[in-house]
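Common to both upcoming complexes is chain A, partnered first by chain B, then by chain C.
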Partner chain A sequence: MAIDEQKIIEAVSQLGISGNEEGLIPAFGLYLTQHMADYYNRISFAMAHRLERTPELIDDGQTLLMEAGHGCAFHTFGGIMKSAEWDAVVRPMLQTKEDWVYGMTAVVNTFGWGRWAVRDLVPGQRLVVTVQDSYEAAGYLRDYPRSASPRCYLATGGVAGLMNLLYVGDITQGPELSDAYYKQVFRSPSRFVGTEVLCRAVGDPLCLFIAQRLP
Partner chain B sequence: MGVRLVEIVERVKNRPGGLPGVDLARLNLKVGKALSRLAAVMADDPVLVACAERAAKEIISEGDTQ
Partner chain C sequence: MSAERPDFDAGRNLLLLGERRIIFHCHHYNLFLQRSIEDGLGPEEATRLQVAAAMESARPLLTKLYAKEPELALVDKLLLAQRLFGSLGFGQADCTDLTAHGGQIRLLTSHYAIGWLAKWGTASRPVCHFPVGFWMGALCAAAELPPERLQGRELSCHAQGDARCLLEIEVL
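For the complex of A and B:
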């Protein structure tokens, strides 16, 4: 495995990525948004808590919050992996499709979302990612009592979305990231779904996510 | 039991170009009941059916504009 994560972090950190006066971060051929993590956390958790008053709807709320993670992975991770910055910094290190997973998690570690690490990757079958200091779990613990269930909805969808980009679609071929392509990938009967198995919000030491294909 | 509700759920689930899991979750939240899982055992209450019809039309018409 040829990925030098530290080199990627140092290179991305030197790109001068920052927000403009409109709160947008033009980078990687995308417009990322610059706002406080707490903003997203609080509207997500408020929605989840509201639905928890109607237990039969809890799963539906989680489905939609994780769908936001799918969309984030598709457009943000997908856009990054098609960008000039990716080509300049990461692509020279890529030898296998699996390297794309390691390369992307290295880039994620420049974003302040927590410390992502690939614990296990079975090509085309399964991805296990740990996150230390997940901003979702950290935000939850700061604002609420310990949770009875995992709270890192965006990361759960993101981990699954990364696998879908690589092994259901094929981001290595540079597809157009269109609505039609999104639906093709995320409607696939062999798509990946994410599960948060450990979460700091419930008292675990870190957060752990598994993405695997629909049974 | 829930014949019309089941029909509404199926219509949303099978809308062309949709994401069934996401569309059904949205239907459930708009109606405030887990229709996608419980329609078959719920009665076709006219108020609930009307609410579900409105929600289904919204979801399907939004898909048509994409």
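For the complex of A and C:
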């Protein structure tokens, strides 16, 4: 059976994810928020800009923010791919490990992050993802002059993190998402790193990400 | 209640509320990012930035929601903000003490405090910067105050071991 993205989007968006009587959203083993893109963008870009003013700190902001994206992939994607909701909605469509990449991308397409699409997937080697309406690039374009460098830090870390979960670790076996497992997978010498090759914030028509193994 | 639920454009994967983009993120990312901002800028400046960014984000969103219901009194606008705060997953707030002259907001639960405790244990400083700014933005929009008149702080935080988070907004 092939991945039916529309069916996944319909099913997940109809879960009606919203705060309970305690004002919290426990789902997929996580506490979720329906948050404000403006908030993430302002705090992320303000920090990046501040660090970019000091030559020896130029890369630090990007490194910190991409590492936050790795953590997001590990816990959020990892938590979702181990959840009962995943088992109910997505898992019946999965046959190969590659299907997990397409299944997770379909779930991302309910998060409000803009539309993710897998352009190319070489099993165990390479993932190329395009994003239309990336909230990071859209927020950057609205509030700042055209950027000299790509600005979708969360998505860059997320794309690499998805490959790490599948081809460095093995999320299909349901591992415990512990700090030790994070270090094992995301500090592995054969881990994936993400690069944003095209970004709307620098004037490209869409954002494009490549995850490949450390050379 | 639909006034407080984002509209989903499934074709483009956009969630919109009050003409602003809404995105899902979990406590791991929210608290990891918060710590990263502190690592990058130091705790004082990171706190100021996050409070200001929250106020800047919440104020126009709530202004749009209030504009749809112009007959609402101040207290009803604040209750709308309270429902929104909960439906977005930030926690259960009690804003009944808040007036156009400021006041306190109790958080019976707080996503940021619970998330911090779950990830890193007891905090050495209050962590609910987003809620402080959210409530400053909500009061500003509801009472139509100039934002420069508002100051906000967290007096006690569940992440530091207090039973509840207590926020204070001062109107200068």
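In the analysis below, the second predicted complex is superposed on the first by the 208 of 215 C-alpha atoms of A that agree within 3 Å, B and C clash if a C-alpha of one lies under 4 Å from a C-alpha of the other, contacts with A are read in each partner's own complex, and residues count from 1 in each chain.
Rule of thumb we're sticking to: contacts are C-beta pairs under 8 Å (C-beta built on N, C-alpha and C of every residue); 3 or more make two chains touch, one makes a residue touch a chain.
Source: prediction; values computed, not measured.
A.B. asks: Looking at the overlay, does A:30 come into contact with chain B only (first), chain C only (second), both, or neither?
C.D. replies: second
A.B. asks: I want to verify the contact counts: of chain B and chain C, which reaches more residues of chain A?
C.D. replies: After superposition, C is the partner touching more of chain A.
A.B. asks: Check whether A:79 is in contact with chain B, with chain C, with both or with neither, and answer first, second, both or neither.
C.D. replies: The second partner, chain C, only.
A.B. asks: On the A-aligned overlay, A:96 touches which partner chain: chain B = first, chain C = second, or both, or neither?
C.D. replies: neither
A.B. asks: Going by the contact rule set out at the top, does A:125 touch chain B (first), chain C (second), both, or neither?
C.D. replies: In the superposition, A:125 touches no partner, neither chain B nor chain C.
A.B. asks: Going by the contact rule set out at the top, does A:22 touch chain B (first), chain C (second), both, or neither?
C.D. replies: In the superposed model, A:22 contacts chain C only, not chain B.
A.B. asks: So, A:9: does it touch chain B (first), chain C (second), both, or neither?
C.D. replies: After superposing on A, A:9 lies in contact with chain C but is clear of chain B.
A.B. asks: Answer with first, second, both or neither: which of chain B and chain C does A:190 touch in the superposed model?
C.D. replies: neither
A.B. asks: What is the contact status of A:60 with respect to chain B (first) and chain C (second): first, second, both, or neither?
C.D. replies: both
A.B. asks: For chain A, which residues lie in the overlap of the chain B contacts and the chain C contacts?
C.D. replies: Of chain A, residues 51, 60-61, 64, 67 contact chain B in one complex and chain C in the other.
A.B. asks: For the complex, which residues does chain B have touching chain A?
C.D. replies: Answer in residue numbers: 17-22, 24-26, 28-29, 32-34, 37-38, 66.
A.B. asks: What residues on chain A touch chain C, complex-wise?
C.D. replies: 9-10, 13, 17-19, 21-25, 28, 30-40, 42-44, 46-47, 50-51, 60-61, 64-65, 67-68, 71-72, 74-76, 79, 108-116, 132-133, 135, 138-139, 154
A.B. asks: What residues of chain A sit close enough to touch chain B in their complex?
C.D. replies: So the residues of chain A touching chain B come out as 51, 54, 56-57, 59-61, 63-64, 67, 179-180, 183, 186-187.
A.B. asks: Please name which positions on chain C make contact with chain A in the complex.
C.D. replies: 5-6, 8, 10-15, 20-30, 32-33, 36-37, 39-41, 46, 49-50, 52-54, 56-58, 61, 85-93, 108-109, 111, 114-115, 118, 130
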